[in-house]
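Below are two complexes that have chain A in common, paired first with chain B and then with chain C.
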Partner chain A sequence: MIGLGIESTAHTFSCAILEKNGNKGKILSDVRKIYRPPDGEGIHPREASRHHLEFSPKVLSQCLQEAKIKINELDIISYSAGPGLGPCLRVGAVVARSLASFYNIPIYPVNHALGHIELGKLLTGAKNPLVLLVSGGHTMILAFLNKQWRVFGETLDITLGQILDQFGRSIGFASPCGKNIEDLALSSSNYILLPYSVKGNDVSFSGLLSATKAIVSKSKADACFSLQETAFAMISEVVERALAFTGKKELLIVGGVAANKRLSEMLQKVCKRHTCKFFIAPAKYAGDCGSQICWTGLLESKVKQGVSLKDTFVTQSWRLDSVIVNY
Partner chain B sequence: MSLTCQVQVILNNLSKEKAETVKKALEPDNVNFPEGLSLCVENFDNKLVFNFVCNESMKKLINTIDEVLEHVQVALKVIE
Partner chain C sequence: MKLLRKGAEADIYLTMWDNSQAILKVRNVKKYRNPILDAKIRKQRTIKESQTISLVKSFGISTPLVYYVNLKKSSIIMQEIPGKPVHDLPNSKIIELSKEIGKIVGVMHKNGVMHGDLTTSNFIYYKNKIYVIDFGLSQNTIKSEDHAVDLRLIKEILNSAHAQIMEHSWKNFLIGYKSIVGLANYTKITNLVSVIESRGRYATVI
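For the complex of A and B:
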């Protein structure tokens, strides 16, 4: 079975084609075009959607060429239906609906967060993990039980990706800023005390952001180092508590921030203490991509015939813990 | 006194199939419009007619027309 997945929740417009044989999936192509706001500025939803509108036909065409697949050979089309930025989500949905309607191909709306998890499981081989989803849109600890992903901790305000981006932009980096902050943090080992805010098994980053901005005038490197150490220690604490509570023997990290080596290092130590296997999505597929949407659509096609075009919604705040997973 | 503005956009010379495709691609997003703004899309043989009606902010109307026309354009491009 061959599927096309379309991702357009925020910065990234991506199309991917995957082939599914039984429980195995093969990525035939994954093409992306990323909207880059000017240095020091955040994403503007309408500007990002204009970017996606401009590049979507080219990305689609390149994706089909690289996979050596014609549109009429596709068995399903899936698109990210939320959560995300409304104008960006609508672009992906319009592209998907147009193709599905014109070529009469079944269409599947996919939850973007679920896509991160399913692709992470496919690429790492994790079977029943505790999942840490950390990106610009999410900071969640999740475990699967009775057909649903249950939340065992999340952010109460901004996400881990947002704190890194917002702080990075305040010192002049262009979004996404995670890599720049990680590199600068490596040049310091001087920890400056910052607010550490874990409430129950949830985290809160907004106070940490303000406090980090307040110390940046002394040294940018010290601020980056201290920010990473504090934020990642908070995440490690709640992950460790969730591991102890759920008794899971696998930890899977997905989402754009999964690429951060310091975060991996800290979580690997947590896993070692709990004799738990550590899995991390490959850097190329940790962030937003069409493959995550395509693979989840292919999994859903095992139990669903697709949805009627009139029901192909987009929902900006579609929570993962409201999705029933039947496959 | 309130001002009501009606804008009709007509796309001519579309095949019936393409007109139907564009209509189906756009219709599911035609929900939760801001108060005072509405859109109705009709398909007549080889043309597609968009009727926008607004009795509030003209800015909302202009932005909506802008986004809808961009979506029409991308829908036609990807099926070509």
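For the complex of A and C:
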């Protein structure tokens, strides 16, 4: 079975083609174009959606070319329906609807967060993991129980990706800033105490953000280093709590911030302490990509017919723990 | 010494104190954490835990007796409660005990203590009594918002680890809680729980 997946929740517009054989999936192509705002600025939803519109034909045809697949050979089309930025989501949905109606191909709206997890499971081989989803849109610890992903801990305000981006922008980087902060942090080992806020299994980053901005005038490198150390220690602690509480023997990290080496180093140590297997989505597929959407659509097609065009939708708010997983 | 459990925060050993069995709780160095931050967290929580464990006892809540605190090693020796965590009890029992747990949480809040880590593993059922443990994240606070954070956490745990019995058990918890804090506080705090939930990522915006 061959599927096309279209991702356009935030800064990335991506198309991917995957082939599914039983429970095995193979990525035939995954093409992306990422919107870059000017230095010091965040994603402007309208500008990002214009970017996606402009590049969508190119990305789509390159994706088909690389996979050596013609549109009429596709069995299904899936698109990310949320959560994300409305104007950006609409671009992906319009592309998906147009193809689906013109070529009469079944269409599947997919939850973007679920996509991160399913692709992570496919690529790492994790069976029954505790999942840490860390990105610009999510900071959640999840485990699967009774047809739904249940939240064991999450952020009470901004996400891990947001604190890195918002701080990064305040010192002149362009979003996404994770890599710049990580690089600058390597040049310091001078830790400055910052607010550490763990509430049970949940975290809160807003106080940490303000406090980091307040120490930046002394040294940007120290601030980046201390921010990473504090925020990642908070994440590691809640992961450790959830591991101890659920007794899971696998940890899977997905989402854009999974690419950060310091974070994965810390979480690897946590896993060692709890004799738990450590899985991390490969850097290339940790962040937003069409493959995550395509694979989830293919999984859903096992148990569901596509939706009819009039029922296709996009939504900015769509919590992962409200999705029923039947496959 | 026998290692009983590797918790998230601390390792739990079985030891002897004054010729009887006791629990040794050690907050060991976490190598993944920056040493300055690590030392601060371990010391702060050891102090907080030993203080609150004794404080809430004076409200009539059952907690282990603290025998000895070693701040240098971030360790506490305390009474052993040989019962079972509520988390491991049969569903019907958890539903039944939820009311009592609600009462206990109500008494803590009424006396200005927030537990900070209300999970079903931190209530031990022993000889028909519920003991509360793990006060490392507790705070002395009379703010309704803080109390609501406590309630939200136990709700989150029921909703995830005990999804099948969530409705019954949460209802019973609230009945118990209301009977202690009174209708006015109950209404205020449960409304705040909804406010915190609505702040959650991608919660349905009305």
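FYI, the second predicted complex is superposed on the first by the 327 of 327 C-alpha atoms of A that agree within 3 Å, B and C clash if a C-alpha of one lies under 4 Å from a C-alpha of the other, contacts with A are read in each partner's own complex, and residues count from 1 in each chain.
Going forward, contacts are C-beta pairs under 8 Å (C-beta built on N, C-alpha and C of every residue); 3 or more make two chains touch, one makes a residue touch a chain.
For clarity, every value in this text was computed on a predicted model and none was experimentally measured.
In the model built by aligning both structures on chain A, chain B fits alongside chain C without clashing.
Vectors from the Cα centre of chain A to those of chain B and chain C enclose 120° in the overlay, to the nearest 10. Of the two partner chains placed by the overlay, only chain C lies in contact with A:199; chain B stays clear of it. Once chain A of one complex is fitted onto chain A of the other, the partner contacts of A:237 are limited to chain C, with no touch recorded for chain B.
In the superposed pair of complexes, A:296 makes contact with neither chain B nor chain C.
More residues of chain A are touched by C (comparison of chain B with chain C). When the two complexes are overlaid on their common chain A, residue A:269 makes contact with chain C while staying clear of chain B.
In the superposed pair of complexes, A:91 makes contact with chain B only, with no contact to chain C.
By the touch criterion defined above, A:309 lies against chain B but remains apart from chain C after alignment on the C-alpha atoms of chain A. Of all Cα pairs linking chain B with chain C in the superposition, the shortest spans 12 Å. Residues common to the contacts of chain A with chain B and with chain C across the two structures: none. Listing the residues of chain A that touch chain B in their complex gives 49-50, 53, 56-57, 60, 87, 90-91, 93-95, 97-99, 101-103, 309-314.
Against chain C, the residues of chain A that register as touching in their complex are 82-83, 137-140, 143, 145-146, 148, 150-157, 159, 191, 193, 196, 198-202, 229-230, 233, 236-237, 240-246, 265-267, 269-270, 273-274, 316-319. Residues of chain B that touch chain A in their complex: 17-18, 20-22, 24-29, 67, 70-71, 73-79.
Residues 6-9, 30-34, 36-38, 40-41, 87, 116-119, 121, 137, 149, 153, 156-157, 159-161, 163-164, 196, 199-205 of chain C are the ones that touch chain A when the two sit in their complex.
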